[in-house]
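Lettered A, B, C and D in written order, each chain numbered from 1.
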Amino acid sequence: MVVQQIANGVVLGSLYALVALGLTLVYGVLRILHVAHAGVFVLGAYVGVLVYLPTGSLALAIVSAAVVCSLAGLIMYRFLYRPVLGRPPLVPLIISIGAFMFLEDLYRLVMGPYIKSLPVTIRAAGFETAAVRLTGYQLFIVAAAAGLLLGLWWLMRGTRLGLAWRASAQDLETAAAHGINTDVIIGVCFVIGSAIAAVAGVMVGGYYNQVYPSMGSVPAYKALAVIVLGGMGSVPGTVIAGLALGLAETLTMVWVGTFLPRDAIAFLVLILMLLVKPTGLLGRAS
Amino acid sequence: MISSLYLVTVVTMTCIYIILASGLNIITGYAGQPNLGHAAFFGIGAYASALLTTKAGLSFWAALPLAILITAVVGLALGVISLRVRDDFLAITTIGVNFVVVSVFLYFTFFGRALGLGGIPRPTLFGYNLQKPQYLVLVLAVVALVMALCWVFSRSRLGLMVTAVREDEIAARCLGLDVTRLKIIAFVLGTSLAGLAGSLYAHFMTFISPYDFAFPVSITIMCMVVLGGAGTLWGPVVGAVVLASAPELLRFIQDYRMLVYGSLLVLLMLFQPSGLLGMGSAFAGRELRLAARARGRVNQGG
Amino acid sequence: MSAYRGKWVNALLAGLLIVALAFSFAGCKPKEPQVVKIGVFAPITGPAAADGAAATNAAILAVEKVNNAGGINGVKVELLTYDDQFSSAQAVAVAHQMIERDGVVAIVSGSYSTPTRAVAPIAQEAKIPLVAGYAVHPDITAAGDFCFRNSFVGTVQGLAAAEVAVRDLGAKKVSILMVDTDFGRILGETFKQTVEARGVKVLSIDAYPYGEKDFSALLTKIKGLNPDLLYATGYYAEGAAIALGAQTVGLTCQILGMEGMDSPKFLELGGAATEGIIITTNLNRDDMRPIAQEFLQAYESRFNVPADMVAASTYDAILIVCEAMRVGGFEPQAIRDAIAGLTNFEGVTGVIQAFTPSGEVIKPVQVQIVRDGAFHFFSVVDDPAIITPPN
Amino acid sequence: MADTIFTVRSVTKAFGGLTALKAVTLEVGREEIFAVIGPNGAGKTTLFNVISGVYRPDEGEIYLAGRPLHGLTTHRIARLGVARTFQITRLFKQLTVLDNVVLGFGRGDIDPRGLVGGARRPAEVERAKELLAAVGLKDSAGLTAGTLAYGDQRRLELARAMAMDPTLLLLDEPCAGLTHHEALELAALIRRLKDSGVTVVLVEHNMYVAMGVADRVAVLDHGEKIAEGSPEAIQRDPVVIEAYLGRGEAGEDRA
């Protein structure tokens, strides 16, 4: 049962990591808490529903969601964040929260308040031994998370784009002074981050078979906890933090009992950790 | 008389929001410390007052100051945290505080869990039980007191020093300002007001439940401060009146309420980030307008 | 309070808020004669918006039915709907608005416990009858003799579930999962006490937050305990997630759910995983009575979504109020008396035998099972000792 | 050198692997103008940050009039009479010019009267206006500090520091960004300050400005003091010339 619970934690943690990755990319270069990222995540899930139901193709659903969300992310950057770069951090944060409220209500008005189902079936076989049992879809989630992470890691470490991103994350102004088109870099961050959120949206929607307007509410703020735990702007840190949170929630729920409602655990760990190390788990000193 | 009980309710809630927004304004507006968990302190005040009256048998008049004190102690703790954790991290920490506090209300039987706490008495004065209209008079008196306090604070040297901390912490330290103490003072003052509002809310509603103090409430209070103009005396009041009465006035668009709310916030931050009464606004005080004009001149001058 | 002080308060208010303006306009609406107003409040926006929609839809349908049949003794019913935003503070404002500004003669709650609990004492004080559709908190009917509840008080359903578990399913060891709301906790805890008293072993009891989707950890734990019954309280979204989660982790024991899961959405979202799940509710889908069939068909054809427990309960609450008006007239006091005196009233949710003096409904608890993707009759609990709510 | 009022003894400060200050020792006499010069990255601003308590020294001691400053928090050091300006101005930009100066009075003491009384007592307003007049900002008292031109911002910072009635005034590159004419005016102002009894330590990148105003000069390079003496002696010191010329920056007037 221990192995099974760890497996449960890893599946949950993979979903957390996927949602938080885009947030990390954006925070890395812009130092903006992009709460509306969760709105993109929900958009991805809805696009998934709209494409999957008539076509029955998960691949097509994921690709369309990624395309639509990339565009949405780019639009958000261009019209919401770019005009207020350099303002105190509270300004973009409130814009982001406002945009998120707007989106949640827009989804409700356009798609209706009811929960939609996204009955994804997957041909991959499950995995079952005496100690652990994972369905094909759970394996798919973990594999997709790992694949996206490796891809992102390659992009960051092995390409010129990654180099430019890291330079921009160090210091946006200096990077610009050295001829890096930071506007493009930031745009790429929003595109990639939003595409990953879209994938996460479709996968979460399919995993629980529920897509609804407020499905982003809890992820919106929990993802913030994940990126702080991961050191704000660190891609591997975010993945580790996502997995750690998934495991921590699963394991405390089972062995410590419902010590506190699950959603509080993330923040409790966060507050305690910040008191010990105010720059996050893997954060660099500011 | 009965025909105005609805109005009494709306005005009472607006007043409670004015106190909340004014308290947050001290923390976020004057001292410049983000606090997205103000509703947690609202809740702590409400629960403290409710428990003190229903379980400890105290009267409202004894419970109110104690509730403020209890909230202030927790606010002090957050103030200490704010010394160590800053900016974005502090913003997220305060969100976390809100989630954790609501969870505590939800989890422990002592706090009534999901059932909340009921049977909270209305205050009595000279043997009379204060019903809603009389209670509103009390709330209005408290609001007047709170605004007087905020007025004194905003004009005092203390207020000026707290604002200096917001503007530049290191420069403030180098002038001999005890930034640590000033930040803690701001947190304690701001959260005490939230505790006061919580107590007033509990005895107005007569029952409370954890979700009354959830994170979206913090967002609403923050919106009030930002909409009206953070760091101005009357900004939070205007913000609270507009946003607390907007749902009432905008009932005809009730289905699009959050849509309007959300876009209002976005547009305001994009085009008038210092709020309705903030710098550069047509509604701003004369001094601020002049300053903004002067800034415009300098910018044009290159 | 003296008249002088009252005026002073009013003047103060008027000076303080522009809101007053909104009222003077709203207050000027010409009153049509021969119309009686019923107010319905529901969470139209906010986290429970889907239930808000179901409740208001059902209310509209009920009022249309009454008006199409010529009204109540020739008087048309006007339905006023209000959004409580799932918030108690908002509900207080809504309550005053309904009673004072709009002059409704009766109120129906199409909302959850928290907002309804805020409205009940105000309705009681103003002596306007309130019928709660599906809100379960005991404080609602405890507010006074003008407050009624058309759904089972939480303890009744918990008792009935225990009866089903022991009598029908022969459970010996059970696990309990309950949603962390007043509804979920009351049912879960009543169930636990009752089955334990009847010699059943309770292996585990866990609460989970409202809106939870991931049950893999808890269900894995429960699977390890190997119960022969899982009693799960929750709403349809959580219920469906529990059904799917049980399938994912390979938990095969019988699942017993409750009223909150009585929704077509439960079947849609849970899919094949809901097959065989049993719930306690107040709506019998195999009920061949015309009133039930007519409602189920009309609702689905009108709103393109099948009716659920929220819709049916709110629908009945409106019909109860209308029936009371037909019998007693249009004065609030008379309506209240007529509701209290109602016997064997045919509602969609079953035959309402009567209301207790404390305002709780007495009607049999329906037990439904999911077969071939639909709810069907499984059994009924009509033992008066169980279905009569305690005073 | 008359009696020593300010002493920095063997102060060392490292950031990770980089040692910004290596056992720096300075002795400054009462009412002296003491300049610390050195190329970029020599550790001048770090020295100021260590003195004013923004950083804690890893080793070494600092005394003002016999009282230890090392290990104290920034605001305590300020209250003992150390005022400073910054290389890049740090004003309270949204406050008025007048309030910026007023905040300097009383060295941050929270006077109980300050809790309820007005923020600025009439006597303080008078004195603040005098200080503003002294730095040439007589007409700007009511403006928002952030709207001032850059040179004016530097002047305001100086007036704010003077409001603290300091024993020791630390000026971090006071002439940076000023025109030649403005720099000369400032030098005259610094000399007047000295005459009024203030001890001044200034950090300057620009060697000639420093030479023109200072009584004595110390030279930092890579965190180490490489020379100290009168301006004339420093100008002739081959070690100093090497340190500057080695980077091709000597004599370059960057104002």
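Things worth noting here:
As a working rule, contacts are C-beta pairs under 8 Å (C-beta built on N, C-alpha and C of every residue); 3 or more make two chains touch, one makes a residue touch a chain.
Worth saying up front: this structure is predicted, and the values here are computed from it rather than measured.
Any chain touching chain A that also touches chain B appears here: C.
Chain centres computed from CA atoms place D at the largest separation from chain B. When each chain is reduced to the mean of its CA atoms, the one lying nearest the mean of all protein CA atoms is B. Taking each chain's centre as the average of its CA atoms, chain A and chain C sit 36 Å apart. Spacing of chain A relative to chain D, judged by their CA centroids, is 48 angstrom. Our note on geometry: chain B versus chain D, Cα centroid distance of 41 Å, whole angstroms.
Across the assembly, chain B contributes 106, 255, 257-258 as residues in contact with two or more other chains. Within chain D, not a single residue touches two or more of the remaining chains.
Residue positions 45, 180, 209 of chain C each touch two or more of the other chains. All chain pairs in contact, by the document's touch criterion: A-B, A-C, B-C, B-D. By the touch criterion stated above, chain B contacts chain A in their complex at residues 28, 34, 81, 84-89, 91-93, 95-97, 99-100, 102-104, 106-107, 215, 219, 222-223, 226, 255-259, 261-266, 269-270, 273.
The residues of chain A lying in touch with chain B in their complex are 31, 33, 80, 83-84, 87, 89-95, 97-106, 109, 221, 224-225, 228, 232, 258, 260-261, 263-264, 266-268, 270-271, 274-275, 278-280.
Touching chain C in their complex are the following residues of chain B: 1-11, 13-14, 106, 113-116, 118, 133-134, 136-137, 140, 201, 205-209, 211-212, 241, 245, 247-249, 251, 254-255, 257-258.
Of all the residues in chain C, the ones that touch chain B in their complex are 1, 6, 9-10, 12-13, 16-20, 22-23, 44-45, 83, 85-90, 92-93, 96-97, 99-101, 114, 117-118, 121, 126, 137, 139, 180-182, 184-185, 209. Interface residues of chain C, counted against chain A in their complex, comprise 45, 47, 49-50, 52-53, 180, 206-209, 211-214, 216-218, 220-221, 224, 236-237, 240-241, 244, 248-250, 265, 268-271, 305.
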